[in-house]
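What follows is a single structure, written as structure tokens, with notes after it.
Read from first to last, the chains carry the letters A, B and C; within each, the first residue is number 1.
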Amino acid sequence: MSEVDGSAPEPAAVPGVATVHGTGVRREALYFALRNRKLVGGLAVVVAFLLAAIVGPWFVTEDPLTYVGPPAAGPSGSYWLGTTTFGQDVWAQFLYGLRATFFVGSVAALIAGVIGMVVGFTAGYRGGLVDEVLNMITNVVLVLPVLAVLMIIAAYLEVRSIEVQAVIIGLFSWPWVARAVRAQTLSLRSREFVDLARLSGLPVRRIIFREIAPNMASYLFMVFILLFGGSVLFAATLDFIGLGPTDGISLGLMLNHAKQWSAMNLGLWWWFIPPGLGITVIVGSLYIMNVGLDEVFNPKLREM
Amino acid sequence: MGRYFSRKLLIYALTFVVAVTINWLIPRFMPGDPVSAMVARAGLQSPEGVAAMREYYTGLFGFDVPVWQQYLNFWGGLLSGDLGVSLWAFPQPVTSIIMAAVPYTLGLLIPAILLSWWAGNKFGAYAARKKVLDNTVLPIWYVLTATPYMWLAILLAWALGKVAGLFPVGRSFSASLRPDWSWLFISDLISHWFLPFLSLFLVAFGGWAIGMRNLIIYELEADYSHYLGSLGAPSRLVRRYAFRNALLPQVTGLALQLGVIVGGAVVTEIVFDYRGLGYLVLEAIKASDFFLLQGIFLFIVIGVLVANFIIDIVYVLVDPRTRAGMGGGA
Amino acid sequence: MRNRLRFLILLLSAGLTAAACTGADGANAGGDAAGGSYPRAETLFTSGTQWGPPSNWNPIMNWTYATGTVGLLYETLFLYDPLTDEYEPWLAENGDWTNDTTYEVTLREGLTWSDGKPITAEDVVFTVELGKMESVPYHNLWDYLDSAEAVDEHTARFTFGEPRYQQWANWVYFNPIVPKHLWEGKSEKDVTAGANEKPVGSGPYKYETHDQDRQVWVKNDDWWGKDTLDLDVKPRYIVDLVNSSNEAALGQLLAGDIDLSNNFLPGIASLVKGGYKLQTYFPEAPFMLAANTTWMIPNTTKAPLNDAAFRRALASSVDTGKIVNSVYGQIVSAANPTGLLPIWDKYVDQATVDRLGWTFDTGEAKRLLAQAGYRDTDGDGLVENKDGSPLELKLATPSGWTDWNEAARVIAEGAKAAGISVTSETPADTVVQDMRESGEFDLILNNERQMDNTPWRYYEYIFNLPIQDQQTTMNFGRYENQQAWDLVNQLDATKVDDLEGMNKIISRLQQAQLTDVPVIPLWYNGLWSQASNNVWTNWPSAEGGAPAYVPSMWHGYLQRGAIKMLTELRPAEQQ
């Protein structure tokens, strides 16, 4: 955070995002990464869920919305997480929902990450008027309450698909990335190796991709993790208030259905606990992974 | 300092214009026509009756003038506090519906935001670099901050409301009461308020505590801390300085998190059937009441902008550099 | 810092004590009426009619008025009880056709508006004449009515150019009389879109207050019916609560905060037996009375839906049983192929139904498709259009109408099994409305005809002609059959007590309907009604000894006899 503090009184105030110090830490980083319990533990959980999301649906019914079992049955040997009031298999819905969750999270994070990086790099590297304009746009989008914007857009979409949802979330989640990347670029730009590259006459794009980007790779990885977590939560929120995909299933939609069909009043806890728990565990593990990464890249933070 | 504020205000003004324009634009590009919706509800059979109704509602919603004029009228109405007529609660004006709901939402949000921020910072700072404590509470905070607002709300409503029966779930106050300032009513109000408040508070609390804990660790590793330590300053003093410095980014963080917390309030209200803005959002969506939805959106944007501005002022007041008159760029 | 911490603790403990207090207050709230609460033992809490804040008390706006505006406040000339098929004079003492084209209605003696003014024949004539305004819903009354006049203070006479007995019988029980002395000066805009605040009516309740989340009525102690009809409504207050989510209503019903919920409450079947003192009209499936028929409406202007044989195949492919059992948990029942509600059983021509009707039978659906020349040419298991082009139909239900969304999925599944590609889509409700009116859909669901005094209303919906650019209320499938429409008009012109004459026409209409399949009746939607016996008892029920009235506060149901439910309620035994 120190570099950022020096340039402006607005550090990237995203908990857990730290900066990468210096070069040549990669091998050392790997060594510490394998020994960081937060990182390894978090990663293990996320990978387990990811595998379940990819492989799981092959082992359950083809369409998680069909009525396969007795209505409103509790967890049992044949229906691990019970059934809904219609007799849909909650476990099957959960697996398909995980898939949707990972899809929305990664696509939205990718979009937001790319926009944020491009805007941030350009602003920070070019400076001057370009910086002024881009920074202004960033600040405007930053102040807009994202969820409210997403709501108003989603509400007007005639047919909502999971892809569209991922795109609109991505389109409005990038500003803090741009801002943080800009600060990073500003500090890296003034480092010697960039000056050297520039003196040797390399074009701007190559300087950015060859010299600056690799130095920020680990940082960007952490940004991606935070974007992923945030997008998953946004998607779940939209789904829950009834602005989710109009077809298919996701963890947020499961919560929405459970609420609409009075699962709480009817005591069908197996319908509303798993989807929320799934989101919480995935996002929580990602956050913990992120702390671990932070400690790996930032030796000062390592536990003594 | 003046430059700093004028720059901020410019950003806010721009944001506002963008928000208003998005707001005005979207329904005009999207399917579903409020005039037809109103006419269809009336269930008229005769074509002349339908035409008469159509004309009436077109005029009422201001669709009978050219588009550019609609845009200007929208601004004009907005500046005079007129956000149009709600379809859901026809013929009530959107502004009055929103105003009736706002106290409930603010009553949830303000205590939840301030208390979670304050408590999160305190506990986060306290736990930082205390190995045992850090290892036990940190995972809990991470789980809290990763929890979707509505899920925690459902869990609390189910466990403390439905199963344990400690708190009522549903509505902002009991249906049998008339609003007045009696103890009966106020206590009822508080008991309905508590669970939604708690679920907002808990999720936000986790985030602040983690943020503060991490910032304190950075600060404690900063050169000045080591320097102070090597001078023999008591660790309590070092920690206090670290806390002060860490507060600044947390203030900025507050501004950044506002939108998210407002979103959290929306879904929490929906879970608890708490009759604030979140409830209105759901109603507006269900009834395809674009005017109401636009009004709520604008209200949230304005609220967030105002809160941002207040935070800016607080920031300047708290920041020792600006206090010392050094000023600061944006 | 210390102070702030103390504040936090104070706040938390305040919350907890408050909770404890409400727990205790719940028990004795009935006792203290003076405090800010409605006396629980004298108040009826209802829910399930009002979906937004009460915002108008205009009986002419019969689609949005605050719950109870018609029935509790404004009254009709007659009541009509669909369960017994009887008209009961209400404001009217009697009403008769003095000859084939003249109808005379005589008002009771001693009727008064709540402001003390007498109700006279002038008010009745004035109300009917309001229909001359084009945007009044009953404007088309004047297509066949020539004149309305007050013969004397109590008698109004109506002269018809072309008598439409069925429609008129519907009008006299459905539409409330408004006070001329207060409505005379109103503009058309005020009449058809005005809020009518501080309403003055004639009924057993008066407007007390309203808020964003409730409408409160207080008993009218000077109600004319007390002496004249010897009826007394029991609740002192009626508080109708705005609960737009069914789950919220269910929570309040289980907590005993709502006495009568007219919400659709999925899962209620299991709760009725669960010790919550809840009650539905029938103690067993289908639990609810049938209120209206849900049809699937094919757009008869589009291929292949313009082909009656195809429509029949589609009708045979729908697994209605699955919708009834799995989607609705048995609180609805499957519809007869005619779609006529159970109260209209006497109009069903069973021989015709046996001959032309259909049941769910995937094999039969396949056979019908093959017979009509629809074949699967590309081997994907789904048939193509006759010209070989791909056949893909969309069934649109409004997003958020979860029961219909689920039902649509079941329908799509069934159709696919029979080889017809149907996909369920759920656009916003206004979009579905647009599609429906402009005829730009393949398939939709609709249920906009309630149980009523005459099946003429039902057939009017199916066969109405001519087709307009915008079909606003009826015949959304744009089905054209002039002969059938003429029959519907003939039915309209048949006297309501001429059952034989009516059945002759209806039987031919059923033939037309079952041959051509302009709509596909699926199931009977319930008259959702869940009553709690915690505070009030003696709710309407099919069981012997209990009052048999429609137990609903929905628009239009108080004049269908539900008002008398209020006179039969009894306070529960105080524990």
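The definition used in the following text is that a contact is a pair of C-beta atoms (placed from the backbone, for glycine too) under 8 Å apart; a residue touches a chain by one contact, two chains touch by 3 or more.
Everything numeric here is computed off the predicted structure, so don't read it as measured data.
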Middle chain, criterion being Cα centroid separation: B
Chain separated most widely from chain B, comparing mean CA positions: C
Length of the line joining the C-alpha centres of chain A and chain C, rounded to whole Å: 47
Rounded Å distance, chain B centre to chain C centre (Cα mean): 39
Computed distance of Cα centres, chain B from chain A, in Å: 21
Numbers and ranges of chain B residues touching at least 2 other chains: 31-32, 162, 282, 285-286
Multi-partner residues of chain A (at least 2 other chains): 155, 158, 242, 259, 264-265
Numbers and ranges of chain C residues touching at least 2 other chains: 245, 247, 251, 400, 427-428, 431
Touching residues on chain B, where the partner in the complex is chain C: 31-34, 36-37, 39-50, 52-53, 56, 86, 88-92, 97, 100-101, 111, 115, 118-119, 122, 162, 165-171, 174-180, 182, 184-191, 193-194, 197, 273, 275, 282-283, 285-288
Chain C contact footprint on chain A (complex, rising order): 65-67, 71-72, 85-87, 155, 158-159, 242, 246-247, 257, 259-262, 264-266
Complex contacts: residues of chain B adjacent to chain A: 11-12, 14-15, 18-19, 22-23, 26-27, 29-32, 131, 138-139, 142-143, 145-152, 154-155, 157-158, 162, 207, 210-211, 214-215, 217-218, 221-222, 248-250, 252-253, 256, 258-260, 262-264, 266-267, 270-271, 281-282, 284-286, 290, 293-294, 296-297, 300-301, 304-305, 308, 315, 319, 321-322, 328-330
Partner chain B, residues of chain A touching it in the complex: 1-2, 8-11, 13-16, 18, 136, 139-140, 142-149, 151-153, 155-158, 176, 229, 233-234, 236-237, 240-243, 252, 255, 258-259, 264-265, 267, 269, 272-273, 275-277, 279-284, 286-288, 291, 294, 300-301, 303
Chain C to chain A touching residues, read off their complex: 245-247, 250-251, 254, 265-267, 270-271, 322, 326-327, 329, 399-400, 402, 406, 409, 413, 424-428, 431
